[in-house]
Amino acid sequence: MNSKKKHAVSVIARVIYVIALLVIWECVARSGILGPRSSLIFPSLEQIGEAFIKNFIKGYAGTSLWIYIANSMKLLLTGLVIGILLAFILSGLSMVSFIFFKIYDLTVSVFDLLPGIALLPVVIIIFGVREEVIVFLVVHAVLWPMSRNMLDGFNATPRIYVEAGKNMGLKGAGLIFGVYLPAAASYIVSGLKSGWARAWRGLISAEMIFGIASSPGIGLFINQMRTNMNNAEMYATLLVIIIIGVIVQYGILRPIEVNTVRKWGMTK
Amino acid sequence: MSKEALLQIRDLTKIYTDDSGEKTVLKDLDLDVEKSEFLCILGPSGCGKSTLLRCIAGFEEYSGSVSVDGTQRREPGIDRFMVFQDFNQLFPWKTVINNVAYPLSLNIKAPKAEIKERALEALNKVGLSGCKDQYPHQLSGGMKQRVAIAKALALRSPIILMDEPFAALDAMTRSGLQKEMLSISESEKNTIIFITHNIQEAIILGTRILVFGQQGHILFDEKNPMQRPVTPASEGYGELWEELHHALYEGSLPAKTSK
Amino acid sequence: MKKKLIRNIVAAGATLCLCACSGNAATTGTEGAADQSASAAPAEINIAYQYGLAYAPLIVCKEKGLIEEAYKNATGSEVTVTWTQMSSGADINTGIASGSLDVGFLGVAPAISGVAKDVGYRIFTNLSGQEHGMMSRSTDINSIADLAGSNEQIALVNIGSIQHIILGKALADNGYDAHLLDANIVAMKHPDGMTALESGNVACHLTSSPYIFKEHENAELHEIKEVNAAWPVENSFIVGVASTELHDKQPALYEALCSGISSSIDYLNGNLEEVADMTSEYDGNTPEDELEYLKKGVYTVETKGIFTLATFMSENGFVETSFSGYSDLVFDNVKGN
């Protein structure tokens, strides 16, 4: 009962917070403190709302925002799947071979620091001017933080789980799948969260810099809106980005967390 | 020494190496444990009794040999199943029943239902079949230790190694578990090697009692003469307690019982 | 006074937000809008420009303090000029609309978009015209007509950029729909585009000085001439825009601005070697290359072709507003067409 009440209060608090932000936005937009061209640079909620609908109906140059979203999501999902699989495989191999672990650990430390955008010239030479470039940048965004978390998680596996596992006859790959992976679950879940956020952000910024007009993505749409000073449409697109992000956060990642590490009492 | 002891330990030497140099924990240790024996090992902290158990279980490197049924064992295996002192030896990502069934499914080829049934049977023996679908974090420390014991029972491990399994429990829970252990050792055929700090626990549970000296040598090794069930009121309890206490705290045997 | 302070802070914040969203590292200058009263407070002016050869006169203007000098000669008092380097015309448009910038130098296409969107500025000077062109590495693509039916990719800097509009104009000049090749575009920065073309990853690259010169030297590439013809070097490429507030309320400062830029351009044209030495460091070229590139550019205050371009843009949907004449785009003092 008490926790139920606590939950209700937290929901109300968050709703009030969001409403307050919107009210502040609207006050700034309507007050005119931004000068005579306020509505151009700081559109009101009504303008943004209209632009939101217009983005989907009219889009840009006859292409609805849906098309842009679909293209982006396709590349994002491809990149995420590849990145997560690679993180599992490479981090798993690191547990089998100590030399491989040292090399991979170094690789992760180095590449995690490099902004994907800075790699663009090299990536273009390797992959050419194709969608694969964006997929590569998404993989780059998700692979390293995910691997870092998994390696940390594997290394933080309590010795007792490993010994208990060995005691029941697990070794090699069996030990990785039977003990290291589930024991690192809370690290993997937080790796998924940060990996997803970085991939989503990495995708948009990659598309803003490297836009393939034949399969246009959300980043390109934002860029077009910015170039044309369609700020209401741009903010509306940012809203779309936030909405998709929140849906993934609460619709996918959260249930994963609740059904694993929370159920298992491995996190508070 | 008997010719065909279940567990034979010969010339076991264990040296730990760290920055400060080498430390010999066990030296040329010989020990035989018979089938169905309940061997309780007492000893001061740092005497090497836990190390001995870890060597038997195959978690440590050592020189010498450990044989079960005449065959040498170096790697961990389910014929020597360890119940740790740490409550967190259960996998938090598996339910109670699955914690018991998982090692079974790894080691025997049998239909799922049969494995589940065997696991449930083991849980029944420790009185926890009602908690089978809970996760370990929902259990108390004593319950977790019982599940760990159930794992060993379900596996029907010939040798169960118990490293102070009840040391971190409160007195009430501890005494309840001792009672359970006693009845299990009477109904099952497992050989149990049980390490403890507690003299009373050793007298109540052990069919044979060992006391380790500070240097990792065996100071005292005798069959428990007391008739089960033992209580502090049982005849001879006081004398045995005194004897073990002296061995444990003075590092020598009292003059009158020396042989 | 207090209200103004709040306004300035919020405006600067909004600009920062936009810059952050863009993912571009724009260095915004000291915040603060122009002081419109111009009476007691010392005069100040905030100018944004971008990177590259086409902005060379501004380096001269900045280094030699020509706006400050012109203002001192005319009024006898000092003016503080703050120069900020930004990375896109879109950022400059936002900066001027929010009041945190008074003056910006940007491509003629975003300047026309800004006037159409009523950002609150007009063009007050031309700055330079530069060579543009499209290079191809495919033997099948030698003319706009060859490109018209193909799926070959064309790298250029951005959708809506002057390079995109030049492509549209080249298509229209040759009888095709201006948007015919929109789906073939791959948007990427000039150096990335050059890398992509030279490594064989795109068929064509539509770029401007100095990249077009570097690509001319590559024997594997050949030029598609119609593109250069659609917007030759004499035509306006970079223009200066000034807020209507500055123009209307601070005429002395506006005059000094125009005169400072005009002197900078004159100085550049008269002292190419010296200027090449001065700007080569900023542009990352050797002084010899820089001199050669400067000679190939056209630096003048007179605009050329902007009304034609604005008309083309509104007729082909690049902007939503139509313009009735040249004077819609520029302040009265500007010469050209």
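Labels for the chains are A, B and C, by order of writing; each one numbers its residues from 1.
The criterion applied here is as follows: a residue touches a chain if its C-beta (ideal position, glycine included) is under 8 Å from a C-beta of that chain, and two chains touch if they have at least 3 such contacts.
Everything numeric in this text was worked out from a predicted model, so none of it was measured.
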Any chain in contact with chain A as well as chain B: none
Longest centre-to-centre distance from chain A, chain (CA-based): B
Chain centre separation (chain A, chain B; CA means) in Å: 49
Centroid distance [mean C-alpha coordinates] between chain C and chain B, Å: 82
Averaged-CA centre spacing for the pair chain C and chain A, given as whole angstrom: 35
Residues of chain C engaged with two or more neighbouring chains: none
Two or more partner chains touched - positions in chain A: none
Chain C residues within the chain A interface of the complex: 3, 6-7, 10-11, 14, 18, 21-23, 33, 88-90, 93-94, 97-99, 110, 113-114, 117-120, 151, 153, 155, 158-161, 179, 182-189, 191-192, 195-196, 199, 201-202, 317, 319
For the chain B and chain A complex, residues of the former touching the latter: 57-59, 75-78, 81-82, 84, 86, 88-93, 102-103, 106-107, 135-138, 151, 155
Complex contacts: residues of chain A adjacent to chain B: 158, 160-161, 163-164, 166-170, 174, 178-179, 182-183, 185, 260, 263-266
Chain A - residues contacting chain C, complex: 28, 33-37, 40-42, 61, 117, 120-121, 124-125, 128-129, 204-205, 208-214, 220, 222-224, 226-229, 231, 234, 238
